[in-house]
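Labels run A, B, C and D following the written order; every chain starts at residue 1.
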Amino acid sequence: ESQQTTTSGGPAASAAQQQSAGPGCPRSRTGYPQVDVKGATVGFSQSEKEANPFRTAETQSIKDEAAKKGVDLLYTNAQSDLNKQISDIKSLLDRGAKLLIVAPLNSDGLQPAFDAAKAKQVPVVTIDRKVTSQPCTDYLTFIGSDFVEQGKRAAQQMIKATGGSGKVAILLGASGNNVTVDRTKGFKDGIANSGLQVVAEQTGEFDRSKGQAVMEQLIQSNPDITAVYAENDEMGVGAVTALKAAGKTPGKDVKVVSIDGTRNAVQLIADGSYTAVVESNPRFGPLAFETLEKFAKGDEIPQNIVISDDEYDSSNAQQKLGNAY
Amino acid sequence: MTLTATRTATRTRWLQDNGVYVAVVALVLFNVAFTANFLTVGNFRTQLVQAAPVLIVALGMALVIGTEGVDLSVGAVMALAAAIIPLYLGAGPLVAIMMALTVGLAAGAFNGFLVAKVGIQPIVATLALLVGGRGLALVIADGRLVQLHDPAFLALGTDDVLGIPISVVIAGLLALTVAALTNRTTFGRQLVAVGGNRKAATLAGLPVNRVLIGVYTICGVLAAISGVLATSRLAASDPADMGLLMELSAITAVVVGGTPLTGGKVRVLGTVMGVVLMQLVRATLIKHNLPDSIAQMIQAAIIVAAVYVARERR
Amino acid sequence: MPTEPVIEVAGVTKTFAGVKALDDVDFTLNRGEIHALVGENGAGKSTLIKVLTGIHSPDGGRIARNGRISTIYQEVNLVPLMSVAANLFLGREPRNRLGLIDRTRRDAEAKELLQGYGITADVSSPLGTLAVGEQQMVALARAVEADADVVIMDEPTSSLEPREVETLLDVVRKLHEQGIAIIYVSHRMDELYRICDTVTVLRDGVSVHSGPLKELPRIELVSLMLGRSVNEIQKHGTTAFGEDHHADTLPVLEALDLTSKPRINNIDVSIRPGEVVGLAGLLGSGRTETAKAIIGALPLDHGTVLVAGKPVPHNVKAATRAGISMLAEDRKTEGIIPNLSVRENIVLAALPKLSRFGITSRSKQDRIVDAFIKRLRIKVSSPEQKVAELSGGNQQKVLLARWLCTEPKILLLDEPTRGIDVGAKAEVQALIDELAKEGLAVLLISSELDELLDGADRLIVLRDGEVAGELEGAQLTREHVLNAIAAEVMDDADGNQNSH
Amino acid sequence: MQATATRTKVLQRQGAAVALILMVAVSWLVFPRFGSLDNLRDLALQGSFLAVIALGMTFVIITGGIDLSVGSLYALGGVLAAWGSQYGFLVALTLPLLVCGAIGFVNGLLIARTNMAPFIVTLASLLFARGLLLAITDEGANTYQIAPDSAFVELGRGTVFGFGYPIFIAAALAVLGGLILNRTTFGQNVFATGGAEQSAVLLGVPVAKTKIGVYTMSGTLAGLAGALTAAYLQSGVTVIGVGTELDAIAVVVIGGTLLSGGMGTVLGTVIGVGLIKVIQNVINQIGTLDSNYQSVVSGVFLLIVVVLQRILRR
């Protein structure tokens, strides 16, 4: 597959080779009208403020691709408020969106919005976060990473770096968030048969300063920690700051692995004070619009389009730095 | 009988005044006994460094609360300060810091103006800045976290003076200043009088508006200082998360420290201890690796217990 | 007369943080009697009442109540933001068939009821918009209508003017005729002698005398209250004011054409150094407003205030700096800072003077505070005592001290002796005299005619926010003043009496 | 003159209503989509959840208190309803009311009987309720789903003329709340408690009971709002309700209820909800606004409304 790059740098998300089997979804089964992407009114509902690199890159990618495809893009931002996202989606429909791309705030709770789209026969592509509703009926398909898989890959990186033994501290994401749940599960499953032992798991709320503060406490109470798994890069970077301040050498005495692929974290790998980062690619624009085009043509759309995420470690961080966001 | 009654009364009174100190001592003892590696220099250092920014905000908050007000915008002001830093860091850390403090001063003066001159109730007046301020910070920073590299600026967050972290020294000096301000200056006594009975203070010819604007301005500047220190410690300007929910932490610390929300009284040492107590609680919960759910419930219980002991009897 | 007790108190003790407010007090109230409860400020009268009504629980002793008690507390205790009618019927509102409050009926009944007390205000407006005296009448109406066996009145007349006092005394007599027992607290001797049957005297929390009132000469009653022998108490008139003051210089204060519609209109006031000018008028005639206008606490439509010929900007700070001070009428809400100590309350207005570069000087403060506590004889356990713990009279003295600290040229006194016991009152009055002699210009507002007549050198009479006349010298008699104060109103009252 | 006076009075008391009418009129003219039936239906539905919470907050604020726990209780109520829905409609509806009502009751008890500040007590229950929520969802890992065809979902999703049931429930509660506030003894006690607490005690008002009553009511209503939301979303979402307490306080105050207590109306609160939701909707109608600017605009709007109100009241 040819690699598309976006203006926000780095390769766009591409579908992984291995896709989970399952019945595809042709337009004929939905009975939805054919809408040509070019010139169509497309709604994009973003879930959170573009205050973190992931969201910035995600929105940018959708906007860029929309411009490229010549669509009329309507955009809303739910400001982390679930009820607002439902309203947003309804208002997008009301304003004439014929196709929808949604970055769900949460896996659950968007049913009323999907029902409204269904009533207007508007296909919905959800990106980055999978929802619990029915694909093909409630929404068309999900494009995004497999968070459990990301956790597992982080575990593999960790095992590789530590030789499979040592004491790990986990910096959890925000409580109640299903990304946190999945990345924790994947990681714990991944280290289950190794000699790695989880000595602490505390939430850093996906926030750099909280990650730093929690890490500072953990270093004091568990001076023998040899590895840190952070469920996003921000907390990982915070942990690095804390480790350095405590006189440790992150990347050496304490291995740090996290998930995302932000520029700051990848730079730290290149600098030698970070172990590895499992990517979570936010550049969904090209794939999302491509999927909508295929749908219009009448192709079968798979239930899930899991994207292939990259990995950064000391071997490739320097040359792939441009891919980080 | 009367004697025992008086003795009990004296004892409750004492506990009421000193409850927060007792709680801090109790928690320290608990940690010494049950927390691994608690009695180390590094650990105390960590607790102080983490408590410093909260303390600085809480000092300003205590003054505002003394005037029977409250400032919900402190977290947003911290974010504004954080957003300003990278814009001016090119011109040197001193310029950047001065600019950040100026913004805090302006934000505080604006709050004070709304409360004193327009006559809007403090919660609402500062709520507007809480809602809008962080947005403004994000607009200024174009919504981005910016990694900082200026070594002089970062030294603020990492270096020591006489073996004590700079931020802790600054927080300590500010605490002393605020204590002197409240107890030893005209402004401080007027502040407490305004909080105790604003109508009477007005009729007594006190410069009520000036005092109110002054207090909110001080609170704004202190929040900005805290934002600057937290930013340098983080080695990044992060307006999205800087100072999030700081208003609640600061108010909690002030009230737990024995300053009543009804105004007319400011306890500076109590506030310091309130901050230390809440810091120790958080540290204890993390060090014992309690899940978030239990941790939040325990914090709730400790807040209630501390305030229950220090409450004013009818 | 049957002497069946409705309230019996034996050996009651109540202590507040070290202060013994009541010490082994016995007290009996018989059915149908009007019982005067007297004593100096802080003697424990209000505390005894609160113990009787169950607001405070005593530390020791026995209380037997035999019937329903209804109370009018010392400070007006109603809810200012609620309507007059809602206040009147709070807790026993008339209801419609659905069990909901019938507001139309409530308002109608309230209106009718209050007319009996001479109040014609709109019953659906917030109580707070009424003058203090009117509020007190509403409180009275509420207490009386509550179907009680005992009515307790704690200084009910302290904020009433003469005409309203008469209305109140009429109500008391009516209750008496219905066989209701009454406890009546007042510092006004003549009222007590006019209506009360028996008296109990409290001094420092101890009951020092209980018995029939008529047989007790006034001078003896006062000596019991103060705890000094009869001989010791100098015989003086109803007030402690001395001679007129000599004031022949130019006015130090000139307030011209003060107008703040609709409260006050074209009011002129001028006072010379050493002169005491009285402001007379009915409740709501605009006396407080006038004083507030002078000190700059009331927004003006127009008008100027000159101190020593120089115009003063219209705000409290500027006025204070120019040498004007005002003792507010309502010391609880506009006077004391309850959380602060006596010392801090006294030095409050003078703080800038007692500081250097904004840093306060404790020794300077202590010196001045000690001096004033001695001079005004303020009863405190220490200057560091919380002012909220003082009795009303002592709080008033603290406020006076606050103003005297600032060494003002002009002193505006709004009801300076309200709710103050005879001893303290005499002291305050003597103090006003003394201050005037020292050259202060004093504006004295009082609802007590005697106080005005004796104390003031000149009287400005207000009616409906306008100057209705100025009286001086020989004109300063009861008749003249009453005529000027309330010409029409008195006519009205006469008319009413005729139709009885 | 009389007429002018009356007119100013109406304007003063209905400042929020006037603002709302203006906002709606302008939006209608400027944004063609604003007036569409679909948009209005959604506006009303979104407003109804907040209105239910704000109704309880209105009572609390009139007593001179504040309830910061409603956001957490809202989320907790939703989770409990979703969990309870497996045992049928009745459990799904009553469980959140009982649990959240009980937490509200404890709030009231602590505030009324121990003289602790409402701000701090309810801040503690904000933490407690969040902790409890995390505890019953396995630290947020479990989201309970509600069967799409259950009667309980109908409660949230059913419509009359396209208008959702929650709208009618909120409207009915608002009417009931208005009656309770103005036409019952409890309502009068609420006003008296907030207007002058000391006096209210002397007037024989059961102040403590009244306070316990309003906090229980506030908790229960927050739980109900959560249950309705869960029914609407078909699941007990754990991440909702953060900051909802501030929204509720804002709408109550915008509606003209005095934060210092003693005065307020239910209608005002409903209008306040309308204003906030219309502002949010208009921001969406503009469409192109950068997400960071959105909160700036909200903050500025909030400021304009409260300043206008303040100026009108003079």
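Operating definition for what follows: contacts are C-beta pairs under 8 Å (C-beta built on N, C-alpha and C of every residue); 3 or more make two chains touch, one makes a residue touch a chain.
Computed from a predicted structure; not experimentally measured.
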Which chain's mean C-alpha position is the greatest distance from chain C's? A
Need the CA-centroid distance for the pair chain A / chain B, whole Å please. 36
Just the number, please: Cα centre separation of chain A and chain D in whole Å. 34
Per the centroid of Cα atoms for each chain, what is the distance between chain C and chain D, given in Å? 44
Provide the list of chain A residues touching at least two other chains, using ranges where the numbers run on. 49-51, 175
Where chain D touches two or more other chains simultaneously, the residues are 133-134, 139, 258, 291-292, 294-295
Every touching pair of chains is listed here as A-B, A-D, B-C, B-D, C-D
Applying the document's contact rule, which stretches of chain B touch chain D when the two form their complex? 70, 72, 114, 118-121, 123-125, 127-136, 138-139, 143, 248, 251-252, 255-256, 260-262, 291-301, 303-304, 307-308, 311-314
Name, in rising order, each residue of chain A that touches chain D in their complex. 46, 49-51, 74-77, 79-84, 86-88, 90-91, 93-95, 105-112, 132, 174-178, 180-181
Provide the residue numbers of chain B that touch chain C in the complex, in ascending order. 2, 5, 9, 184-187, 189-190, 192-193, 196-197, 199-207, 264-265
Of chain D, residues touching chain A in the complex: 33, 36, 38-39, 42-43, 46, 49, 133-134, 137, 139-141, 143, 145, 148, 157, 229, 232-240, 242, 280-281, 284-285, 287-288, 291-292, 294-295
Could you pull out which chain C residues touch chain B in their complex? 15, 17, 59, 295, 297, 316-317, 319-321, 325-326, 328, 333-340, 344, 348-349, 351-352, 355, 358-360, 402, 406
